[in-house]
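Chains here go by letter, A, B and C, matching the order in which they are written, and residues are numbered from 1 within each.
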Amino acid sequence: MLIKKDQMVLIVAALLFGVAIYTVFVYAPTELVMGPIQKIFYFHLSSALVAFLSFFTAFVSGILYLIRKDLKWDVIGVASVEIGLVFTTLVLITGVLWGRPVWNTWWTWDPRLTTSLILWFIYASYFILRSSVERQDTRAVFCAVLAIVGFVDVPIVFLSARLWRTIHPVVIRAGSIDMAPEMVTTLLVSLGTFTLLWALLLYQRTRTLTLACRVQNFERQLDGEVL
Amino acid sequence: MSGFWLILQKDLYAEFRRPESVIGMVFFGFLLLVILNLAIPLGSEISPETGAGILWVTITVSSILGLSRTMSRERENRCMDGLLLSPVSVEALFAAKMAVNVVLVLLAECSIIPLFFILYGDGFFTSLPMLVLVVVLANVGFAAIGTLFSAITAGTSRNEALLPLLFYPLVIPLISITVKVTSMIFQGAAVADYSSWLYVMIAYGCIFTGLGFLLLDHVVGE
Amino acid sequence: MSDFLTVKNLFKEYEGYRALRGVTFGLAKGDFLSLFGPNGAGKSTLLGIISTLVSPTSGQIEIKGFDLTEEPEQFKKQLGVISHHSLLYDHMTALENLVFYASLYKLKDPEKTAVELLRVVELYPRRHSRVGQFSRGMRQRLSVARALVNDPSLLLLDEPYSGLDQDAAAMLTEQLAELKSKERTVIVVTHNLDHGLNSATKVGILAAGRLVFMEARNRVDRALLEAEYLRHVQGDGEA
């Protein structure tokens, strides 16, 4: 039986996910103060890592597009921002779910959550911009510029997020300071799994978008010949 | 005279002859100051933080009217093509447009800030030089991002309606720092207490002005 | 002799569509090229690239030996462009517009140049009126003056006759004839054979991104040109 390479990666990723879920719920000990809700932390942090990787990729492909003017980099950029936005949404959702039982509030203006929220806005506006430009090359330039400026903004966003009013004195340090060795292992498994998932999603999404782009161009050429 | 001065002069002269940007910003700012008053409970004093927040929400929201105009001004009759055809460098164009933005927003602020003190109490008025410094630093940051992104939105189908959607997410950090510093000035805090934030504001201005210089060429080149 | 303007192997691709597929030609000083072609043949793209507003995917252009990518500033100083957009500021007066553009080219006496040009296009009495109040014909005349502020050695015109009334069209023809007598090199892009042939010294046909026909004006008559046009542009009735 022949299995293609990307299908194999998919199977590996699926298996790894099983392992990750097992380590999170069975292998890792339950946190004493927060209880089982703390388990959301592993996927919360992993999502944040994937989001960051995605935005960094979008930044780099933005620069490469402006230098090379090759639409390939635009496609990788869009794919990255799409994935990054999805995982930032996951960060926000898991953050909210975590905060509700622990701090007794849905939302807290914690610097990291606030940063994620602002990033969510920046990269969501990327798609609004995308939908407002018709021409492929112009759109690619505009989006590359936004991806570059947006990523440069990230450290400043994080720095300034400390200034937002924190209605709760609790800071998300719990878990990351005194972690049992099993927790560290679990976290590493989650991070590894999510990174693989990220690579897989980026590859698939880039391929799909490239094909969609080619189909569109063929259609245009056909139209052009009819003219 | 260099291209920078010519474009700056042309735009300021146009504004002087028909001050639509400045009047728009001041009118909208005044309106916002009145509307935001709704958020304050009757008869209560507002804290310096709230005051600073009201002031900067007013300024940033109203300044978008001016920022979106600077580049779309060149859109009618494709005047932008005329500038690009001339030997003027794109860097000079960016610098001129950014300077126009700084000046116009500053002019609007000259009316909005006194109005703020009149409506919300002059108890906040402590240090004029520091207030001017913060206002100028904030303007540079807003103008850098505003100029680059108004060039982008001028090239899209939604034009000016798109600018706020792209602009505000990117300037949120600058707004929050500016509000913080302003509230400390309103409290009469020592400069040393917030000087590190002033450096962050300077860095913000430098970084995004630099990015504007680097990137505008790509944006208008299409 | 075609050492004034050289265009070599120009390609332009966008959206997977090849707007220009290897355009090569040269013009001598004083040549007046009329370029015909149906919509979508790449005329505007070609003019856009020569005018520096559109960047080519590949290829090379030189004016008087100044390369477009290597010496853009020197290249731009040689150019004058008239398009269907006026490139004029409506809120400024005719004089202010010309002085502004003349200053951008760092002329010694922008005011004097502007006044001279206003006399040439017969708008001097209206020099202090805002362009916004001008009629279409007057704007067109002013945009001709705008294109001439830097005394360009190469003038590019994109469908200059579109939307003009008869008087304005006659005036434009007159001005083009005048330019020809001053040894300016001119490229006019149009799909109207009558207007294009008036003062041309060379004629070319652009079809599907290629320069399919290029000949000296005195070796072609209208009938031949029409036949060539129809041969390359099958089924297109715009000629």
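Definition applied: a contact is a pair of C-beta atoms (placed from the backbone, for glycine too) under 8 Å apart; a residue touches a chain by one contact, two chains touch by 3 or more.
Small disclaimer: the values here were computed from a predicted structure and weren't measured.
Chemist: With chains as vertices and touches as edges, which is it: line, ring, star, complete or other?
Modeler: Shape of the chain contacts: complete, all pairs touching.
Chemist: Is the C-beta contact count larger for B-C or for A-C?
Modeler: B-C
Chemist: Centroid of chain A to centroid of chain B, CA atoms only: how many Å?
Modeler: Roughly 31 Å, centre to centre.
Chemist: Taking the mean of the CA coordinates per chain, how far is chain B from chain C in Å?
Modeler: Going by mean C-alpha positions, chain B sits 40 Å from chain C.
Chemist: If you average the Cα atoms of chain A and of chain C to get two centres, how far apart are those centres in Å?
Modeler: It comes to 50 Å between the two C-alpha centres.
Chemist: Mark out which residues of chain B touch at least two other chains, giving numbers and ranges.
Modeler: Where chain B meets two or more other chains at a single residue, that happens at 221.
Chemist: Chain A: which residues touch two or more other chains?
Modeler: In chain A, residues 135, 137 touch at least two other chains, as defined above.
Chemist: Which residues does chain C have that touch at least 2 chains other than itself?
Modeler: Residues: none.
Chemist: Going by the contact rule set out above, which residues of chain A touch chain B in the complex?
Modeler: Listed in rising order, the residues of chain A that touch chain B are 66, 118, 121-122, 124-125, 128-129, 132-135, 137-138, 141-142, 144-146, 148-150, 152-153, 156-157, 159-161, 163-164.
Chemist: Touching residues of chain C toward chain B in the complex: what are they?
Modeler: Residues 51-53, 55, 72-73, 76-77, 79, 81, 83, 85-92, 100-101, 103-106, 146, 150.
Chemist: Which of the residues in chain B come into contact with chain A in the complex?
Modeler: 145, 148, 152, 155-158, 162, 165-166, 168-170, 172-174, 176-177, 179-180, 200, 203-204, 207-208, 211, 215, 218-219, 221-222
Chemist: Which residues of chain B touch chain C in their complex?
Modeler: Interface residues on chain B, with respect to chain C: 1, 3, 6, 10, 14, 17-18, 76-79, 81-88, 221.
Chemist: In the complex of these two chains, what residues of chain C are touching chain A?
Modeler: Touching chain A from chain C are residues 14-17, 39-40.
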